[in-house]
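Labels run A, B and C following the written order; every chain starts at residue 1.
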Amino acid sequence: MGVGIEVTNLNAWYGSNHTLQDINLKIPANHATALIGPSGCGKSTFVRCLNRMHETNPIARVTGTVRIGDMDIYNDAQPVEIRRRVGMVFQRPNPFPTMSIYDNVASGLKLNGYKNKRSLDEIVERSLKNSALWDEVKDDLRSKSGASLSGGQQQRLCIARALAVDPEVLLMDEPASALDPVSTSKIEDLIFQLKSQYTIVIVTHNMQQAARVAEETGFFLNGRMVEFASTHKIFTNPSDKRTEDYITGRFG
Amino acid sequence: MAIKTSSFRSKYRAATDFMVTGLAITATILVVVPLVAIFVYLLLKGASSLNLDFFLKNPVPEGESGGGMANAIVGSGVLLGIASLIGVPIGIGAGIYLAEFGRGTKLANAVRFTADTLNGVPSIVMGLAAYSLIVIPQQHFSALSGGVALGIMMIPTVARTTEEMLLMVPNMIREAALGLGLSNWRSVLSISVKTASPGIITGCMLAFARVAGETAPLIFTALGNAFWSVNPDREIEALPLQIWVYATGPYEDQHRLAWAGALVLIVLIVLAVSLVRYVTSRGVLKGAS
Amino acid sequence: MTRIRFQQSLDQLKENLLVMAGLAEQAIQRAIEAYRVRDLSICDLVSRSEVAINRLERDIDQEALDLLAMEQPMAIDLRFILSVIKINADLERVGDSAKSISERVRSMEQMPAVSELPVDIPRMATLSAEMVRKSLQSFIDADPELARTVLMMDDAVDTMNRAAYKTLTKLMEEQSHIAPQALNALMICRALERVADHATNIAEDVIFWIEGSDVRHHKSVMAQRQSAEATG
């Protein structure tokens, strides 16, 4: 089951660049929440603060609190622990090129010392089914490498890989932007199904996608969160003029 | 008017194209020909002296005919084994540090500078260094000192190649590993290094091939041994060393054996590299990009 | 500002709707005038403008549909186009009502004249026409407050219509020889009441467009009071 995320007074810097300013918001459990905004507005940085991935950059710094469920992820746990509870899918599909499909999906578990062969098989199958890829690859699990699949399949493989670790939250940074429309629809349908088990945060440039997939949407601009409301409200009658200007395409 | 000009231009372009292609082909030939020529020459000069004795017998006393270079072949093997045990782990370790953990730090810059300098040190100086550091305190020559000299010579090549290959691993692969909750070192070893391993292995092979033919460092360290020996604590014979001694000696028999030895040296190096390539390529999956 | 082409398309759509509005408003003015002076030639004018109004309705709907499909409008743009489509339909109905009135006038001309019927059709007409004018003005000015005043005027017209119904039906019972004229008058009142309703719809659509709030189907205060009296 997914958990809610509560962000309080989050500020982030890359060196002296104040990338995120005073972000406050509550992301509901088992919902898909979309984050939209022009390039460079901080939405990707924000998402990377949710699983402490921004820390991989040595000049990154963060203040404020992020609670995932009842855990304060900056004070109560180490990044490695957090990242097992909060999975991430990236913009470009990035399966491990030296590994088979099976090994890719199992990598999060195997490389952490998980040894039980039978349950690994089950977990791999379940993850691939949950990411709507099982039928397409079930006969080639160990013989095909992760990188030999098509773009859309690779992305679903990355989703399966993230799901295999059994996270509670799934972060998706523009997951379909590198894919064709058919693959994009498949991913969107997938998100719809995954909502019941996970909490999903999806960064997207495609507003129609946010509208199709997410219950709530947050609009970011210049490092601040300008408006956070139900997707329905944001796209039919937003409260803030800046939001309206962005979604009607009048700027940005 | 316009038609004439454009036809001239296209003719000019075609001619330039032809000339440059010709130059490229010539350059390629100029590179390949010496290699082929050397190999053919060695074959002509040395193949006649190759017989079973060459591979099974030790050298006979000076002046006599017959005998072989069995001890030299095995000795080279021992020396290269010691060298690899030193050069490969240290080199790969340094390369991993440079690429993954120390990026941008002063220490990394120092390490890189040191490696590049080490690479430029003449091989005889390397031999002298091993002589002072190992032979003199131990008060005797040894295969160990020779192996150490060769091993240190392997380090810079292995380290720099490892670093280059690791840097070529796309960052998004690293991010994927970290995003799964893998610790940093686990991500480096199981993902980055594994992805870069074909290139890293190539680097090791390059270093190996280079030191396999080195003679100067062995002069004051391994020294050479007329008899069969695989003891790391004793003097040991090596193919390049033996070739040099025979080639510069007065006896015709020895000259012939030297040619044969040179041929065998090159063939063994090529075989070793090919074997490693074959063994490691079996592990690479079909269809990987 | 980006999407200049889109903005121009929206402006063009608004222009076209205003042409349509002008025709509809003119039709209703003419119909009322035709009633006032009993001039049949004006009735002809009204009938002819009906063709133009219907064609414009089709064109505007097509234009709006294209914009929806091609431009993926959001928020206020989406509400605007939706309002245009609905106002378009209401204006076409206003045109229909105008035609209906002019037809009633025509048939009344063929009947023996009657001394003034006890209904104040001119006043109803003035009110309804005023509502149409104001609702269209609120669209032009994007003025929700002006639109709200139109909503409040609807009650008055409804009341007048109900009163007309009562008096005319009573008249028809008592003086059955002038029943046809009375019936025509009644139908004119009904047409005018419908015009007022359409004007109200237009005003509601303007409020929806500007404010994003749906104020449809508000019950008039008087109707609520009346039904309370009737039952209570």
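By our rule, a residue touches a chain if its C-beta (ideal position, glycine included) is under 8 Å from a C-beta of that chain, and two chains touch if they have at least 3 such contacts.
Since the structure is predicted, the reported quantities are computational estimates derived from the model, not experimental observations.
Here the chain at the heart of the structure, going by C-alpha means, is A.
Relative to the C-alpha centre of subunit A, the farthest chain centre belongs to C.
One inter-chain figure worth recording: subunit A and subunit C are separated by 52 Å, centre to centre, where each centre is the mean of the chain's CA atoms.
The mean-CA centres of subunit B and subunit C are about 94 angstrom from one another, to the nearest whole unit.
Here the spacing of subunit A and subunit B, counted between their Cα centres, is 46 Å. Shown for subunit A are the residues in touch with two or more other chains, of which there are none. Contact residues on subunit A toward subunit B in their complex (touch as defined above): 51, 53, 56, 80-84, 87-88, 90, 92, 94-100, 107-108, 111-112, 143-145, 147-148, 158, 161-162, 165. Only residues 207-208, 234-238, 244, 247-252 of subunit A touch subunit C when the two sit together in their complex. Of all residues in subunit C, those touching subunit A in their complex are 1-3, 6, 72-79, 212. Partner subunit A is touched in their complex by these residues of subunit B: 170, 172-173, 175-183, 186, 190-191, 194-195, 197, 284-289.
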